[in-house]
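Before anything else, here is the set of structures, which you'll find just below.
Two complexes, one shared chain (subunit A), two partners (subunit B, subunit C).
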Partner chain A sequence: MTDQLRFVASILSIFTHELNNHTSIMNESAGLVLDLIEIKGNSEDCGFEQISSVTGGITNQIKKTTTLVKYLNRFAHRMDIPISNYELNEVVEELIMLMNRVLNQKEIQIDLDLIKDGLIIYGNPSVLQYVIFSIIQGFLSCLKSGDKIIIKTLSVDSNAEIRFQFNSEQKLSLDIMNADKKWDYSEYIKQIGAGIVFGAQGATDLTLTIPLVKEG
Partner chain B sequence: MKVLIVDDEISLAEILCQRLRLRSIDTDVVFDGESAIKYISNLEPDVMVLDLNMPGMNGIEVLRAVKRTNPRIQVIIFTGHGSEQDEHEAKGLGAHSFLMKPANVNVLLSHIMSAYSSR
Partner chain C sequence: MICEKILLIDDEKDFTTTLAERLKLRGYDVSVASTADEALASVSQGIPNVIFMDLQIPGSTSGELLSALLKVTPKSRIVILTGNADEATKKKSLEQGAYDYILKPFKIKEIVTKIVEACQDRQEPSAV
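Let's look at the complex of A and B:
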């Protein structure tokens, strides 16, 4: 299987797990409303407050599910036109939202520090998402519960940068993380015209540099 | 009969707990494996409804620990993402049954009653 197909399959797997949880919550909530009507419907304490609270919960859950579906939809449509202008922050945020479940399962906190002004890049956003996903997978293979990943986007000269850094109680360095070749992104860095800079020996950060679209 | 629900999906676990209580089943809920182990060191539920995929200690690890320390507790695996391999492993470790989410609460209840009567 090609790397990118494995990547899309992983995202779909995470998404369907998450979606199943959301529908289970809605299913149980609707069931609880019916229970309250059937069991308490004729009593003095007919559970109106509880019914109101549960239906509010269902509405909230639908909002969460709709947001998640929007992220997946945008992720999928990025492949319609392989090469285009795209906004870096959107691409980063979308991927992180779709990976949320994996990060939560591993109890890894992720901090997104995205530059306010949008950074427009010309290229293939799906390949960039694959590279970001692979870098995060490399981090996740070594990080433990309670560790943190910080992702920052910024503009430096005529380039956009994505800085990845991890905070861990363990004494880890990027050398160890790069030993995990399950998600190899080296070939794809060239495809998106990016460069990668690793921190000094023992450092906990790496930076992906991508040329910005020139104005005018 | 006392039931303990162990699930990291807080909303789901709480709602399930309420639905069982409405059916007069004495039910408690905890949201991770470590809390489940702590709980059973003080109180012994008759039946444990246990999720598989949880941060920290996962369902299989909890099941293994329960069967070692409190073998009388009947464990129902209740998961959204279990495979046949998971089911085989869980049953090999002594799980009473293996149920996929979402499930009708009355189906879950019948598994709970069956688990309770097999004690």
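Let's look at the complex of A and C:
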């Protein structure tokens, strides 16, 4: 299977698992409303307050699910036109939202510090998402509960930068990063015309540099 | 009711509180846990007859908590309740010792039937 197909399959498995959880909450909440009507419907305490609270919960859950579905829909449509102008923050945020379950599961905090005005890049956003996904996956196996990932987007000269900082009590190094080579992104960095620089701390911080679209 | 103590383990608190409420309305004594530590603390306070748990719980990797619970509370029947439809994961969990594997979303009748079944199964060896 090609790397990108594995990437899409991975995102889909995270998403569908999450969707099953969301529908399950709605299913149980709707079931609880029916239970309350059936069991308490004729009693003095007919549970109206609880029914109202559970119904509000269903509405919130629908909102959360709709947001997640929108992210997946946008993620999928990025592949309609492979090369295009795209907004960097949207691409980063969308991927992180779709990966959220995996990060939550490991109790890893993720902070997004996205540049205010956004940055327009010409290229293939899906490949960039694959690269970001692979960088994070490379570290996930060595990050522990309570560790933190900070992702910052910024503009430096005529480039956009995505800075990753992995804060962990573990000693992270290039050797342990992506040790199993499951997610190799070196070829794909070239495809999007990006460069990668590791910080002074070794593999705990790294920067992806991507050329910005020149105005005019 | 002979079989009444149920433990629900899932990091989706909205899910556990709602399902717990539905089971309480049916007469069960239900506890909930959202992390591996909470789950282990809960079983140390009283052995549940049936445990319903998701596989991916914060504080443990997939299958780790199942193994720990099987050791700590071998008399409880552990049913996996998950959104993960992967057949390999199901097979592995059942081989590991899970009593059954139910995919979310489900019908409450399925859960109640599973509790009754699990409790009958649990009582059978001592009755022989």
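By definition in this document, the second predicted complex is superposed on the first by the 209 of 216 C-alpha atoms of A that agree within 3 Å, B and C clash if a C-alpha of one lies under 4 Å from a C-alpha of the other, contacts with A are read in each partner's own complex, and residues count from 1 in each chain.
In this text, a contact is a pair of C-beta atoms (placed from the backbone, for glycine too) under 8 Å apart; a residue touches a chain by one contact, two chains touch by 3 or more.
Everything numeric here is computed off the predicted structure, so don't read it as measured data.
Peer 1: Would subunit B and subunit C fit next to each other on subunit A once aligned, or clash?
Peer 2: On the shared subunit A, the partners clash.
Peer 1: For A:199, is the partner it touches subunit B (first), subunit C (second), both, or none of the two (neither)?
Peer 2: A:199 sits against neither subunit B nor subunit C.
Peer 1: Taking the superposition on A as described, I'd like to know which of subunit B and subunit C A:211 touches: first, second, both or neither.
Peer 2: neither
Peer 1: For A:24, select first, second, both or neither according to whether it touches subunit B, subunit C, the two together, or no partner.
Peer 2: A:24: touches subunit B and subunit C.
Peer 1: Just subunit B (first), just subunit C (second), both, or neither: which does A:32 touch?
Peer 2: both
Peer 1: Which partner chains sit in contact with A:107 here, subunit B, subunit C, both or neither? Use first/second/both/neither.
Peer 2: both
Peer 1: Identify the residues of subunit A that lie in both the subunit B contact region and the subunit C contact region.
Peer 2: In subunit A, residues 17, 20-21, 23-25, 27-29, 31-32, 35-36, 39, 54, 57, 61, 104-107, 145 are touched by subunit B and also by subunit C.
Peer 1: Inside the complex, what are the residues of subunit B that reach subunit A?
Peer 2: It is residues 9, 11-12, 15-16, 18-19, 22, 53-56, 80-81, 101-102, 104-105 of subunit B that touch subunit A.
Peer 1: Subunit A touches which residues of subunit C in the complex?
Peer 2: Residue list for subunit C touching subunit A: 11-12, 14-15, 18-19, 21-22, 25, 56-59, 82-86, 103-106, 108.
Peer 1: Spell out the residues on subunit A that touch subunit C in their complex, using ranges where they run on.
Peer 2: Listed in rising order, the residues are 13, 16-21, 23-29, 31-32, 35-36, 39, 54, 57, 61, 104-107, 145.
Peer 1: Quick one: which bits of subunit A touch subunit B in the complex? Just the residue numbers, please.
Peer 2: Checking each residue of subunit A against subunit B gives 17, 20-21, 23-25, 27-29, 31-32, 35-36, 39-40, 54, 57, 61, 104-107, 145.
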